[in-house]
Amino acid sequence: MRRLAAALLLLVTLAGCSDDARDRTTDGPEKTLQVYAAASVQNAFTEIGKRFEDANDGVTVKFTFGGSSDLVAQIEQGAPADVFASADTANMDKAVKARVVGGVPQDFASNTLEIVTPPDNPAHIESLRDLTKRGAKVVVCAPEVPCGAAAARVEKAAGLTIKPVSEEQSVTDVLGKVISGEADAGLVYVTDVLGAGAKVHGVTFPESRRAVNTYPIASLRGADDETLAAYFTDYVVGPEGQSVLSTYGFQKP
Amino acid sequence: MSLTQQSGVPRWVLVPAALGAAFVVLPLVALVTRVEWGSFFSLITSDSSQAALWLSLRTSAASTLLCVVLGVPMALVLARTTFRGQSLLRSLVLLPLVLPPVVGGIALLYTFGRKGLLGETIDVLGLQIAFSTTAVVIAQTFVALPFMVVSLEGTLRTVGERYEVVAATLGARPTTVLRRVTLPLVLPGLAAGAVLSFARALGEFGATITFAGSLEGVTRTLPLEIYLQRETDPDAAVALSLVLVVVAVLVIGLVRGTRSTAL
Amino acid sequence: MSLHLEATVADRDVDVSLDIADGEVVAILGPNGAGKSTVLAAIAGVLRPDAGRGVLGDDVLFDIGAGTWQPAYARGTALLAQDPLLFPHLDAVDNVAFGPRSAGRTRAQSRATAMTWLAEVDAAELARRKPSDLSGGQAQRIAVARALAAEPRLLLLDEPMAALDITVVPAMRQVLKRVLAGRSAIIVTHDVLDALLLADRVVVMEGGRIVEEGPTKEVLERPRSTFGAGIAGLNLMRGRSVGTAVCTASGSLVSGLSDESLPEDTDAVAVFSPSAVGVYVEPPAGSPRNVFASTIRELEPRGAQVRVRTDELSADVTLPVVAELDLVPGKQVFLVVKASEVTIYPA
């Protein structure tokens, strides 16, 4: 999916006559805001976007969701993004270092890990330690991606060594393996457990506080309408955005 | 470079042809320009890269073997027999050629997964396929098998049955005919099919990541490693991509070699 | 071994009944599409008839009514087609050794047998050649050796010389005559010389049916079928041998080529095709060896050609030639045939 998105993006960029280019030079009241956001905030941001549009006549918010590192790479290559919302500070730092960030990044949410199991919890996982049980098939994110880095921090803090059967590319992959019953347990974000509803069973654990993942947002250099971009980031950080985020399980930063 | 016009191709055709060639070659050139040559060898010889490359070669070799074991009989049945529903069966067998690999991965999950169609049977046999190297081989075989069947069935049809008929009238039993006449005659097609299957298995990504998972040395093949390295170390991803390109070029060269010496 | 065959193949409209005695060579003659190859395919087990039965010796090859069907490999009926079909990946000796190997003989035994048969067809020196390095005639000789090495109970030859260069046909025919002696064999051919030289008996097929059969000479001399009559158009001159020529009762001397050394002053026959005969109204200049003065009896149009029948011989000429030479029945003409077009054999 991400590859497809990248390919489409490439085509649009190559074509050089995209709608975005036109939108940016329009002086009329119609404005489009391009928001590049981490896949894990998709549901919450889609709703925030709708509310933002309702509150601001003539503004259309367009989202591109994807892995944070993919998004940074695309923005660096000149993707027409106005706002970037990252799933971790590391990728936002990369963006800052690449001099594509216009404003000052603000943290807008935080997320912690939760154990996820199939609804019947076949391996009887009740704690983080249970993930080290022999025979339990545990799936985590690879340390290279934010959720995996968080998992590694939690493990280290708890002094445990989990032997996963697979280190997945993304939280969605971990969740998928658990929902399909292939894995007995996985480590995902609290928000993912909430989003999956009855398809999974969540097990919270105290050590999760040791790896709080912070989500920063920033308007980008060369944004078409820097005021609008800044306004959107403020909206997300403000009470409206926060109330939506909390209904999707995100915690305050 | 001089162009010899043999069959009178209209000159304007050369323009889109050149564009097409550039379209294929340019991305490869772009890839090469991005390689950090200074660190190239340390990048492709890191433990994780070595593990991924070795795993890819091992699993691709195993899938190729499976493709031969399963694909040769399939091609024989398709090329040398007629039965009701044969054309339907042929279409179904070739489906993985056009199916998005992710779809194949999901389908395999619901077949060989713990909760899948055969999952419990496999469990009873004491086998664990999920998250194992076996799962990688299954995923690769699933996507590579049609290459073997297509290549070999075509060769079988080209060679025809005449030699087999002669062999039979000389007193050779069907197994003898297969071993001493049919297989030697279709060897170039078999070799081409095997090489193509190997190449397809080597490049397999979607079905593997969906079905087998990703763990260093167990299920994380080279394409998965490249995909993961992109997250943190784009230079390593580029270097490994180049390795994969080189292997693919070698494989294609091998196919062309066998083709040109065929019959 | 004797063969009894009854076979019906509906979609090719073939329905035949055929008997072959032990040690007999039978030629099946007939136009293209007459069903000759179908008969061989049914005997070899390559094609399944819709009805009928085939018995080789005491062995039932197939009996459709009784549901008996022996596969091709179990029949002992080696099939030689016009295309030699040597296995391209095996050299000559291994091609010939294929039958013995398939019968379970060791590699060494099979090679030894193969060498014997290669020598039999004058191809021992070609043993290590790959089929791609053989001429058509060489390949077909090796194919004959391969068929014989399989020790067939009945040898099936399907137009074995049709694809050969005309210059190697006499040598091939000689090889076949030698190896067929005393064997049970069926040879499908459209060349009457094959029948004349190789077969004890002739079967003529037309439209999927056997329309005529009998001893070769009888059928050729007193044809009752259309195709038999066509064959009869072949020029046959009987007499006594003189060197490589035949002296006829009327005193004509016919020079030709002989496939084998011909004893002096024995019964012999000279055979040549009407298409090899030239027609002249004046005695031809130079000194062609075979010139026969004769009177035109009738002209028979055959497509673009006209068959000129004289008292004794026939010639095929084109329509313009008929017009130019004003050929009409009753006209005195001179018929000329090159010695290289005439085959002499013992009668």
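Going in written order, the chains are labelled A, B and C, and every chain counts its residues from 1.
Note that contacts are C-beta pairs under 8 Å (C-beta built on N, C-alpha and C of every residue); 3 or more make two chains touch, one makes a residue touch a chain.
Protein identities per chain, from UniProt: A = Molybdate ABC transporter substrate-binding protein; B = Molybdenum transport system permease; C = ATP-binding cassette domain-containing protein.
Note that the coordinates shown come from a computational prediction; the quantities given were computed from them, not determined experimentally.
**Student:** Taking subunit B out of the count, group the remaining chains by whether they are connected through touching.
**Tutor:** Minus subunit B, contact groups: A | C.
**Student:** Report the most central chain, judged by the distance from each chain's C-alpha mean to the global C-alpha mean.
**Tutor:** Given all protein C-alpha atoms shown, the central chain works out to be B.
**Student:** Of the other chains, whose C-alpha centre is the longest way from the centre of subunit A?
**Tutor:** Most distant chain from subunit A: C.
**Student:** Round to the nearest whole Å and give the separation of the Cα centres of subunit A and subunit B.
**Tutor:** Computed value for the inter-centroid distance: 35 Å.
**Student:** Quick one: report the Å distance separating subunit A from subunit C, using the average Cα coordinate of each chain.
**Tutor:** 86
**Student:** Roughly how far is subunit B from subunit C, centre to centre by C-alpha average, rounded to an integer in Å?
**Tutor:** 52
**Student:** Can you tell me which positions in subunit B touch subunit A when the two form their complex?
**Tutor:** 109, 113-115, 130-131, 209, 212-216, 219-220, 224, 227-232, 234
**Student:** Please give the residue numbers of subunit C that touch subunit B in the complex, ascending.
**Tutor:** 44-46, 71-79, 81, 83, 85, 87-89, 98-99, 101-103, 146-147, 150, 156
**Student:** So in the complex, the part of subunit A that touches subunit B is made up of which residues?
**Tutor:** So the residues of subunit A in touch with subunit B come to 67, 69-70, 73, 137, 139, 142, 144-145, 164-169, 173, 177, 180-183.
**Student:** For subunit B, which residues are in contact with subunit C within the complex?
**Tutor:** 162-163, 165-174, 176-177, 180-181, 184-185, 187, 263
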